[in-house]
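Order of writing sets the labels: A, B and C. Residues in every chain begin at 1.
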Amino acid sequence: MSALLQVRGLSHNYGQRIGCQDVSFDLHPGELLCIVGESGSGKSTLLKTAAAQLTASSGSVRYHQRDGAWLDLDELSEADRRRLAREEWGFVTQNPRDGLRLNVSAGANVAERLMALGMRNYGQLREIARGWLERVEIDPSRIDDPPTAFSGGMQQRLQIARTLVTQPRLVFMDEPTAGLDVSVQARILDLLRRLVNELGLAAVMVTHDLAVARLLAARTMVMQGGRVVETGLTDQILDDPQHPYTQLLVSSVLTT
Amino acid sequence: MTASTSAPSTSAMLQLRGLGKSFELHHQHGARLDVLDEVELTLHAGECVVLSGPSGVGKSSLLRVIYANYRPSRGVVRVRHDGDWLDLAEATPHQVLEVRRRTLGYVSQFLRVIPRVPALDIVAEPLLETGLSTQEARQRAGTLLHRLNVPERLWLLPPGTFSGGEQQRVNIARGLIVSRPLLLLDEPTASLDADNRVVVAELLEEARAAGSAVLGIFHDEDMRDRVATRLFPMRPFQIT
Amino acid sequence: MTSNYNFAFLDENTKRMLRRALLKAVAIPGYQVPFGSREMPLPYGWGTGGIQLTAALLGPDDVLKVIDQGADDTTNAVNIRRFFARVAGVATTERTIEASVIQTRHRIPETPLREDQILVFQVPEPEPLRTLEPREAETRTLHALADYGLMHVKLYEDIAQYGHIATSYDYPVLVDGRFLTSPSPIPKFDNPKLDHSPALMLFGAGREKRLYAIPPYTRVESLAFEDHPFEIQRWEHQCELCGADESYLDEVVVDDLGSRMFVCSDTDYCGQRRAEQAA
């Protein structure tokens, strides 16, 4: 099986400060990879650098396009980067307000990416938007409500619908369930789990919650101080952690 | 435990050679916990080998090492996958996932409950991963749950609130729904009544008859006598 | 003509800068060209952009017409016409067919324009994406990449809220299949007149320091959805003065009792029709 995303020796520095350092991994089609680690460990920096939202200080990211060609992300023009972000990728932010357009309706939020791809039939756009609202368990009758009238959990589900509506092949998610109530979180995790399976999505998800990794990801990378200290199957990492930092992380989880 | 020096027979499904496992606990003053050493075992198609020995001897750990849930410290875990031998100790995560998807099954003692997912879907999920349609996967899951006497009214509920025995039967169904050539069972019948144990024993016999190799832990002697074709005694780790 | 000022108020170097920018604008239809907007002797929002363009265009032989909402006799139009009569000494007119340069606020004359005429629009906000995307750097990138899905978000919202595209003025257009462009706050009734117009159309935004152009005979397409095509306003009324039923009408309150009448917004057009009818 051939990889979808190839990351090699990737680093991003904030001036003198290290964001992420010398990270390598492969992501295969249909696979969900979790990046875990505490705040400041470089998870989000790695995610944004891999998604070409931040410029790599060194190293490379290669992406296997839908048409079969390999793209080197640092050679990508801004136009190509945006096309990729629009047509083949998705990005789900931790705070849904960063990923949504708050001054337009839920329906417009879902339909925006379709319109960006050139869909110009209003009736069809409505129908697809309604279908997606239903899919993320938002009452389709609220299609014309602004996202500001939604709860935090609903906003996050709306962002997920808005991102997945164009059926991307690769989705980057930055702590999509952080800051939500546990029950709301369970609903979103279940939703993500289902959609990832149904759509055959590949995804890279940043989380500090090991239970989230256990539930969603076949593979996990553990980061500390900008570096990957351990990587492997999620159940290996959680049940047989090797690195001192991973052992500390695993042993720090509260069990009920 | 004697090392087999002969070439693997065509029916051999699993070979353990010089297998050892130690845990290094970095936050317990670097304590080292040795659980397995020099394990040698060959498992053939159609066999059901039951691990025996006192508790704490490392039976569960051995199954977890074979399943690549624990990473072996020494030795090899050769699995026959798609007709070729693959050493799981050296395999890439993607290879291990592929082996788990099609070749190597594992039924633990406890069901790992997934919030909000109904029992029927938990059982059907491994079938979906093989590419079966949702409808057919659910139908087969229902048939298996029915056979394991899980009442139909529970099928569409998430198993979080089920009794221990009900959860265990859902777990067995999930573990056995895809027929895999190699099955690892860690006390899957501990919480089951006699009737349901019989059902599980039948399921295992059917799997063996279809050519699967089974390696398991069964504390209940009746169950062990009923399913085992051979015992594999384990001794405590030798402290040198 | 007042001799204390340079011809047409602006100094020659400023006019040269403006003409260079205008040439670039004509070369790239719909593209917003930055220019060094000068302080003019009237406030922003009163047509400072349009006046600078007109000043750069005028020669001694030009005939200038100025309209505001279609009318030649409103304050803004009268002021600007007088201004140029004083500082350039050019002839002025209220007749569309006589003018060589027409400066306009919010309308395109009903009388068809010719190849030897130039229409200068006063533009308050040159950026059609601004209400949806406040960042200038981002809107420029969107133009550079012709990434205009966002504009349809606005039209989508219109239909979702009102059942039809409710945007009735400053209705966004795509110029020459390339640049998304604001036609300035003309009623969408006038949008079809932009398409393949024989006259050169120039747009100036003084406060925003941008100018742009729609050259003669350029394709100008009003955005829409397949199932909600572009439509112009229609009236059940006719002009109560000239009887026109194909012109843009203003609704005017005529007494303290709230009586109303509908009349042509284009005063010259209406006047010519009445003159013809009287003759």
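Throughout what follows, a residue touches a chain if its C-beta (ideal position, glycine included) is under 8 Å from a C-beta of that chain, and two chains touch if they have at least 3 such contacts.
Model, not experiment: these values are computed from the prediction.
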Nearest-to-centre chain - CA centroid comparison: A
Per Cα centroids, the chain farthest from subunit B: C
Inter-chain centre distance, subunit A versus subunit B - centres from mean C-alpha coordinates, in Å: 33
Distance from subunit C to subunit B - Cα centre to Cα centre, in angstrom: 77
Cα-centroid distance, subunit A relative to subunit C, in whole angstrom: 46
For the subunit A and subunit C complex, residues of the former touching the latter: 78-79, 82, 101, 103-105, 107-108, 111-113, 115-118, 120-126, 143-144
For the subunit A and subunit B complex, residues of the former touching the latter: 1, 26, 28, 186-187, 189-190, 193, 197, 215, 218-219, 231-233, 235-236, 239-240, 242-244, 247-248, 251
Subunit B residues within the subunit A interface of the complex: 23-27, 64, 68-71, 93-94, 96-97, 114-117, 128
Interfacial residue positions of subunit C with respect to subunit A in the complex: 132, 141, 144-145, 147, 149-150, 152-154, 156-157, 159-161, 224-228
